[in-house]
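In the two assemblies presented below, subunit A is common to both, partnered first by subunit B and then by subunit C.
Here is the complex of A and B:
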């Protein structure tokens, strides 16, 4: 690179920088003068390549595949237009997976409510706080396959749950994972077990950043615990609650690991992602699977967009 | 609180009990019965030897070390470039990273698979490493937030001493980022250790099993041998538990930062 090139390339790079940062123009000018125009790109070369290769290229490809009947192996494929999307929306059994997501969504509301309750209790009660916090949070760190096995054993006929119910005198013969009406509730229960601790830690962090004098003032006014929760805690942690709700919605659309490990999607426990993975890698219907993934992506982006629009004025009342 | 703790602990303790039972005990006694001999570690031996857990631990360690170190390098370099330089298209670059956080990895697997396959990385450890490196945007954010708190005057002082941009990155930025590096290493380490679907989808070869997939394969050969499956499960959970005990405080703040961005 010659000195001339260097100067020429640097001209336009410096020009927009100065008005962008009016507070410290001198500093920026000095910074830019000391490096070549391509210096930042040297640092960005690898990250951007990876970003494009594993995030943007797949998205573009996915849209492309979704309009074909490609099986993932053969070199040729037919263009089928919107047929995959039509199939997706007209075959009821492909659409049923959304009902399953509904179960997980309901469970995640239970999870948020429980987390909120535990976080509040722990914020009032400091005895053994770290112990309880640790116990409830640990499942979140556990390996998903390990959790799957723990609960396969837990829900087994004659397993832990049945034995526990037996000790309190209940000897039902419920097939926790075998009954299509029950399986998703059992699996959603596992997800509550796994994620409540994370929500709780997030809420607890937010609650603990509330200045202590607010509580003092409230109790001087004779407010009880419930009133303190209703009027001090709930309003101050609203943003984190609404974020959790949004994460719960997109999370319940993308459930995969636990049901796949525990039941493989049998007995009506198939979720959207399990179905997509099976379509693509088991039944070699890459086109249809791509269409289904596009729908999922669109749904999740829609939820996120709604969140971005609502968040400052969000009114999520769980109390 | 006590009820909640019991709900968390009972399923885990039962698995611990079962892992210490003999073959016969496991099939004849109820799950809540304690084992006859508390020091029966035979199942652990079986899990280790026949469950390919040693190989899995080696594979996981290789993948974990490379992808964690890579994430730290990539994340800190991206943050350095974006925060410390003015350049054309900077807004576009930031936008690309921002939008990528909205796209959940599971949704694009169908197409990602073809790319990994085209690269010839399918069924090699590189598949997992590349994907862990390429799809981690949260850590870039952690670095970006942290790098803003490092005063620019430090860069300037070094620059006056004749340091070039790489020397500044290497000698000033990287050491100052230590707390952020710790956060990213913890989050990334635990996430990679626990991840199931990337190794499951991209490395089906039994030789390439990671901790997750090796444990998943216990399902077949050990079918109804819950004592062996339990031992494997306990072995997989144990490292996480030890890490949690030693690094508790960092873990809470790390995951809180990671999940809310």
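Here is the complex of A and C:
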């Protein structure tokens, strides 16, 4: 098929035999195939090895652990069948922590809206737009641990946020992390700050694929910026928006890093993943923790599937 | 190209060995001491949580002194910042140093799987304190370097300014004293260190203190409701609850900072913190660094007297053990023996050396003077059962989460009050105890 393979077929060793009998070409085609069928796999070997070793094997192991009572350290463990799943589903308090995810989910819609706004504004000829792109994307490049520490100072009583509010005349003493009604909103705010840039870059990329003459035609027809957004940009980048929503929902179900570093799950900020980590490493219930990880995986797959059914993927034709 | 293949093969090997590491140890030969130091040889790695001592070179100094007696042993240190978390995961492989500190959250009945026996308990308990903490079937698996008294680090100047000269002997007296400090307005009376969390688990070390009973902890295995009135945990957690509930602790516990708390206590802006006596030298150093008088830092026992006498438990610090997979057990044992007996590190830390007959450190001299009863550790007969009940109940006496919730309840950030929370804890404990002991 490729030039290389054609060359091979006409090679000096096999060429004279080719016209002899009708069965021979088939045979010799088979020999050349035997040499080459695995070529693409050679290129894929390294990434596939990594993928299998660090994603699929651990997942298989996780399924295995979830059927045992392993405590995370002893060399032996007993098979307990579905007991862990039974325990999980007979203890509703283990699922109560998903309420916390609701706060993050609401915040992620704020995040998508903000990202859309910035992406749209920055896709037009705004002054310093590359600088602003950089500034907005920068938080995503920072390490999550560093962000956690920075925002600990930010939220301290009398810290950065309080002084900032003080300059605009607000002197109330809110405990951003200490107040149980505020803590999850504060933490979700940090996560919005961190991920808006990533969403914005995704949207920007999609917006830039819209041909320029569409805007031109629209502005000739007298469409303002909002109308351009409403009728050209939004429909054109619909697949990316729905992808962002899927990522936002699965992300909010699996929030971990920011609350774990900043509060350790204290004061009602515990998420499902933090709870799972505690079960595994504080209470030595690796079996039960694996079962909850499996349940989380199933939940995310389910939510994604439902979303895919509700908003089917469609091709957007740009002309 | 060929080099690429080698790399892939190597990576695969690493992955495979990492996956198969959990097979566990079979060899259990004892790590016994050698008679002649010159004959002991080998390279050993010592895992430690004291990254500060690696940085300031004091561990290196000990190793140099050690090599004068044991010229053929080469000691290397490996410092781990998150010691508990990292070592426990590494213990799934065979590679967790030659000498290590036993992580707190490994249950005692698992010791024989991971550590070499160091000798018979009858023999070793003659020389060292606290060997019962690591004894399984008459064999000792780890020896502590030193122990520390449990109690409160406090700033004497702050307490004196508030007109308090005597150590409080009841919860009520303690709360009144803190109120007097608060009235002065100079200092936060009590600091929880809620955000860093581990200081909250130090409250557990006081079990046995309020009742002045070395068997206080062992009783937990047979007590269905450890948070009922009159029990140690009721006194301990009740004190914390009342302190926070009366607003005698910092305003926002969720943003506390351990490193900063040392300076705050040293400069008289915090009245007291519940920790071990090991914290005294650290606070004194912080006071000196801030230009204050280090002699202002004092240490007092848990404020609950039994028959008019205060009482404190002296808890062992980390216990040193030898990896059961170690190739140089003799050298590892030599290091432990030398470090505990000859290095003088326990004295340098102002701690109670585990070697029997060592003098008490300066920070505990006032305890002797005031006639405080010193109990050498808690009894450990039922330690394994208690750990099982505790983990089964998901309360976590050894982890800070349930006390964070206690603080949250006390300051009104979580639902309920002291009685409802204690009732909840009692219920969980009783249920788990039923499953474990039948």
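Operating definition for what follows: the second predicted complex is superposed on the first by the 240 of 319 C-alpha atoms of A that agree within 3 Å, B and C clash if a C-alpha of one lies under 4 Å from a C-alpha of the other, contacts with A are read in each partner's own complex, and residues count from 1 in each chain.
Here is the rule we use: contacts are C-beta pairs under 8 Å (C-beta built on N, C-alpha and C of every residue); 3 or more make two chains touch, one makes a residue touch a chain.
Predicted, not measured: the structure shown is a model, and the values here were computed from it.
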Query raised in the report: Touching A:44, do we find subunit B (first), subunit C (second), both, or neither?
Result: first
Requested in this report: Name the contact category of A:266: first (subunit B only), second (subunit C only), both, or neither.
Outcome: second
Requested in this report: With the two complexes superposed on chain A, say which partner A:74 touches: subunit B (first), subunit C (second), both, or neither.
Outcome: second
Requested in this report: Would you sort A:57 into first (subunit B), second (subunit C), both or neither based on which partner it touches?
Outcome: both
Query raised in the report: Touch check for A:137: first (subunit B), second (subunit C), both, or neither?
Result: first
Query - Partner chain in contact with A:256 - subunit B first, subunit C second, else both or neither - result: first
Query raised in the report: When the two structures are overlaid on chain A, which partner does A:193 contact: first (subunit B), second (subunit C), both, or neither?
Result: first
Query raised in the report: Of the two partner chains, subunit B (first) and subunit C (second), which one does A:145 touch, if any: first, second, both, or neither?
Result: first
Report summary line: Of subunit B and subunit C, the partner touching more residues of subunit A is B
Query raised in the report: A:283 contacts which: subunit B (first), subunit C (second), both, neither?
Result: second
Query raised in the report: Can you pull the subunit A residues that subunit B and subunit C both touch?
Result: 46, 50, 53, 57, 72, 159, 281
Report summary line: Interface with subunit A, subunit B side, in the complex: residues 1, 4-5, 7-12, 14-15, 18, 30-32, 74-75, 77-78, 80-82, 84-88, 90, 93, 96-97, 100, 102-104, 106-115, 130-131, 133-135, 137, 140, 152, 155-156, 159, 165, 169, 190, 193-194, 196-197, 201, 211-213, 215-216, 218, 226, 229-230, 232-233, 236-237, 240-241, 243-244, 248, 251-252, 255-256, 259-260
**Report entry** subunit A residues touching subunit B - in the complex, by the definition given at the top
**Finding:** 12-14, 16-17, 20-21, 27-28, 30-32, 34-35, 37, 39-41, 43-44, 46-48, 50-51, 53-59, 61-62, 65, 72, 114, 118, 121-122, 125, 128, 130, 132-146, 149-151, 153-154, 158-160, 163-164, 167, 193, 197-198, 201-202, 205, 240, 243, 247, 250, 254, 256-257, 260-261, 273, 276-277, 280-281, 286, 289-290, 293, 296-297, 300-301, 304
Report summary line: Touching subunit A in the complex, subunit C uses residues 8, 11-12, 15, 19, 22-25, 85, 88, 91-92, 105-107, 110, 113-114, 194-195, 197, 251-255, 391-392, 394, 396, 399, 401, 404-405, 408, 413-414
Query raised in the report: Along subunit A, where are the residues that touch subunit C in the complex?
Result: 45-46, 49-50, 53, 57, 71-76, 152, 155-157, 159, 173, 175, 177-180, 183, 263-268, 278-279, 281-285
